[in-house]
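Below you'll find the structure I mean.
Residue numbering begins at 1 within each chain, and the chains themselves are lettered A, B, C, D, E and F in the order written.
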Amino acid sequence: MMPDLGKYAGAVLSSYGLSLIALALLVGLSLLKSASVRKQLDAAEKRREKHG
Amino acid sequence: MASIWQYANPQKFMQSTTAVLPYLAVLTVAALATGLIWGFFFTPDDYKQGSTVKIIYLHVPAALMAINAWFMMLVASLIWFVRRHHVSALAAKAAAPIGMTMTLIALITGALWGQPMWGTYWAWDPRLTTFLILFLFYLGYIALWAAIESPDIAADLTSVLCMVGSVFALLSRYAVNFWNQGLHQGASLSLDKEENVADVFYLPLLVCIAGFVLLFITLVLLRTRTEIRARRLQALIARERMA
Amino acid sequence: MIALFTRDLALAIRAGGGFGLGLAFFLIVTVLVPFGVGPESGILSTIAPGILWIGALLSCLLSLDRIFALDFEDGSLDLLATAPIPLEGVVLMKAAAHWVATVLPLVLVSPVLGLLLNLEPAGYSWLVISLALGTPALSMIGTFGAALTVGLKRGGLLLSLLVLPLYVPTLIFGAETVKRGADGLATGTPTLMLAGITLGTLALLPFAAAAAIRVNLR
Amino acid sequence: MDLSVTNLSCARGGLPVLEGVSFTLSPGKALLLRGPNGIGKTTLLRTLAGLQPALDGTVSVPAESIAYAAHADGLKATLTVTENLRFWARVFGTDGVQNALDAFNLNDLADRMAQNLSAGQKRRLGLARLLVTGRPIWVLDEPTVSLDVASVALFGDAVKAHLAGGGMALIATHIDLGFDAEVLDVTQFKAAPQRLDDFDEAFA
Amino acid sequence: MIALFTRDLALAIRAGGGFGLGLAFFLIVTVLVPFGVGPESGILSTIAPGILWIGALLSCLLSLDRIFALDFEDGSLDLLATAPIPLEGVVLMKAAAHWVATVLPLVLVSPVLGLLLNLEPAGYSWLVISLALGTPALSMIGTFGAALTVGLKRGGLLLSLLVLPLYVPTLIFGAETVKRGADGLATGTPTLMLAGITLGTLALLPFAAAAAIRVNLR
Amino acid sequence: MDLSVTNLSCARGGLPVLEGVSFTLSPGKALLLRGPNGIGKTTLLRTLAGLQPALDGTVSVPAESIAYAAHADGLKATLTVTENLRFWARVFGTDGVQNALDAFNLNDLADRMAQNLSAGQKRRLGLARLLVTGRPIWVLDEPTVSLDVASVALFGDAVKAHLAGGGMALIATHIDLGFDAEVLDVTQFKAAPQRLDDFDEAFA
């Protein structure tokens, strides 16, 4: 059910492709950083509670 | 009714965003998927531009968000400067990479669109040029955040840069217009849409714009939360060092 | 404040760098362009206004990190911040000294370099006028950038990155003035804009720069 | 007019270093700050001089009445001794250059460029700068580093003359200055490590 | 010696500057040119080869003073000079690290900037080839210049002045290669010359640079 | 193999500073250099380490057997303690990193970036570097600056272990190092001011 893009298929597909890659990178990196910081913070809070 | 500034308290901010973030994320995915799928699969080709109109569903929302992200950073910087709420400084920091990505998407899709339409990937058209300058501003802003160790000093200096930069961005816009008349279409989301974009293109475009706005808000909240946690983490580590 | 201005000038001259080197860099950039672009005089004279402005801008840029870095390292900046003159005045004097020591010589020799690039005869006077009107804005913007990056190690390249987009409007109007002048067209609007930018930056940026220094000394 | 500091807290690199610093200094008196390396003497003096904001507490005099001198002397290597002093005299709107040269025995060196001075001579020039500020409160950080015995005595005389004229001096030092003064050990004000029990405490 | 190379790369990445900022400067210089010269794509594509080469050269130039200055300040250079590796090897590794950390990214993004300047399609491959062949010479010559000025305070601008004339032959042949490539002409001679310059500088300049460092440490 | 220095003259900034320096040091021995500021100790040590040419005289060992450590530690702020040491170990082709960490009590700090160390810890790291050079002659300029008592003792132990293994040490210092060694006062070698009677003498 791919629409027929005609002679501009290259331009349209690469626009969508590159944009989605950029968005995926942005979202992915944001999530990764969020997860890693959260993990480090949890560990640090645990240490703090243990040692007071 | 409590003051809106209560959300500038980090803890309060964390609590309230924990509650809304899942809904926002779902809404974002829904809007983006609907808009892009609708636009890509279920809209006709334009009689002049052929299938390249489909690029509009990425290009225009990204372009709008690129500018609005900077505007949001400006507002957040002003709030930090006047009221010194840490959350707003961190929100400005969190928004910059998003804005930069949006600028990049607008530039890439525009360039890819330009090749079939104008016969060149790049022309020094005022609007295009303005975006390039905007990209440089994002780059400098992010580099300044990265270069300064102390978070409060970084917040102060980047907010000064954001304010001064905004003035110069406007000035550049005027200068660039003066310098070159350009190829780019004018604003077509004006009120009398009769003479501009037809409904078939207009409605999915609106959904896409909504999707990008939601994406921006979601990401800013997520990244601001990360920054807040990182700040807390830094303080805890510093305390461990001292003990 | 006059004392600060004369001291900075004296330092620029004694250190041997202030005057000569900025000038030399301008010369060399301008000379490199024909090597890179090729010697056809038609092309050269078309691009001459832009290249001369860009050369001046880059020379100015390269000397920016000296504006505050030396004073920061040896503690003078701390002492100036606690001295009975407003920091805004200090910033303005620093920008003025930078302009006189580094940029003014460029403005004065620019016609000679215009010759090297086959600038149209009608353009010479506009070259000097536009540089004289526009470069104070470059010095002032650069001083602001230097104030932002004063505490950073090796801030030089970051400084360039921050300052260059701010230089765009000045560059556009400056080069446009020369281009129009060389082509015998009316130069009113860009000249006015140049003057406007210079006045605006001189009026507003000292405050932003002084705020940045206060933050950086903290 | 006394210099009284009440309950002052100051931070360095975002972390509180000293808390609850309080003392009073009246005209004609000097106060020596002592404490181990890294305790926060420099931070305290910079806060008093108005170079960084206090976290908390008050200082009874404006920063404009304080002359601050630190390790870095603010000397320009390519200016002569007189030129260096004359510059600061003009900035502070005074004219005590000759007086300052005399007090620190710099007359022989008056036309030497600062880069050709020895470390001790440089230090003397840095201290001479205090005399041309004409300000009543001297805030000095390790003033006698790299001075020989004779120069330390010159410095002591200069401080005594300043105090006799109704001035005040606040001096952080590890070594003997050759004159008597009250001593304040800042170790007692050391900031307790932040508890950070409350989430928001990280955002000072 | 490999240890030195990997350490310098690690430092360049950690300091956050090495990679990104040289690149940013290249980007900005290239972007400024149309603002100065004007937006007409014909003129831009004529001068594109020269401007791109000059941009790469200037970005390279600006990062030169980092090559030895930091090691000099913190005493590493003294220690390296007394270490059991030849100083010539140290110099070569320094140049290599500079090239990989600062110049290689420029080479890789240069096609994108070619786009901005409307470079002729046939020129892209030659742009990358000529930069890849010629820029090692720039790094090596720059390292020599940095060695000459290592002890000097604020040697940065003096360094530029010393190095720029030495860069001229590389620039000429590099830009010529791209120009001929873009015009579809034979590029044999300038490409060979570029390769020759690079090989020659890599073979000879380490000795000169090592000698200069020995003198400067004295 | 002894280190013997015969009739050495060395210059700083174009002027002779020390003349006719002669001494001998045998394996397992340490020699302390003393003398007032500016007399030329640093100049002498740099000449021995091969960093500057001697005006005159001979040194019996090649510069390749000497490990030199000065005020500047050659540490990279953005590398960790281990990375800094491992780099120098690779440059000198040895593998004593763990050993060096142990000797200067740096194990707790092994993964800390050098920029986050205190001055004393930095100094310890700089001294630990000597152990990974594997060279027999240590030439040290003011090694104990900013070290606390415990660290000075660590340093003393490290030097003693080095000497016990047949090494030598030549140390310029103003302060007590906590161990005994022969002392050489370099003031006796102070260069006489040039007479400049002959026109050519200015061209040394």
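Rule of thumb we're sticking to: contacts are C-beta pairs under 8 Å (C-beta built on N, C-alpha and C of every residue); 3 or more make two chains touch, one makes a residue touch a chain.
Since we're looking at a predicted model, the values are computed, not measured.
Both subunit B and subunit C are touched by D, E.
The greatest centre-to-centre gap from subunit D, using C-alpha centroids, is found for A. Averaging C-alpha coordinates per chain and comparing to subunit F, the farthest chain turns out to be B.
Summed over C-beta pairs in contact, the chain pair with the top total is C-E. Taking each chain's centre as the average of its CA atoms, subunit D and subunit F sit 34 Å apart.
Here the spacing of subunit A and subunit D, counted between their Cα centres, is 52 Å. For subunit C, the set of residues that touch two or more other chains comprises 15, 158, 161, 164-165, 168, 172, 218. In subunit F, no residue touches at least two other chains.
Shared contact sites, meaning residues of subunit A that touch two or more other chains, fall at 48. Chain contact summary for the complex, subunit C toward subunit D: residues 2-4, 7, 10-11, 14-15, 71, 73-76, 78-85, 217-218.
Subunit E makes touch with subunit C in their complex at residues 15, 17, 21-22, 24-25, 28-29, 32-33, 35-38, 43, 46-47, 49-51, 53-54, 57-58, 62-63, 66, 70, 154, 156-158, 160-161, 164-165, 167-168, 171-172, 175, 179.
Residues 133, 136-137, 139-140, 143-144, 147-148, 153, 156-157, 160-161, 163-165, 168-169, 171-172, 174-176, 178-179 of subunit B are the ones touching subunit C in the complex. Subunit B contributes residues 36, 40-41, 45, 50-52, 54-55, 58-59, 62, 97-98, 101, 104-105, 108-109, 112-113, 115-116, 215, 219, 222-223, 225-226, 229-230, 232-233, 236-237, 239-240, 243 to its touches with subunit A in the complex. Taken together, the subunit B residues at the contact with subunit E in this complex read 111, 120-125, 129, 132, 136, 139, 143, 146-147, 179-180.
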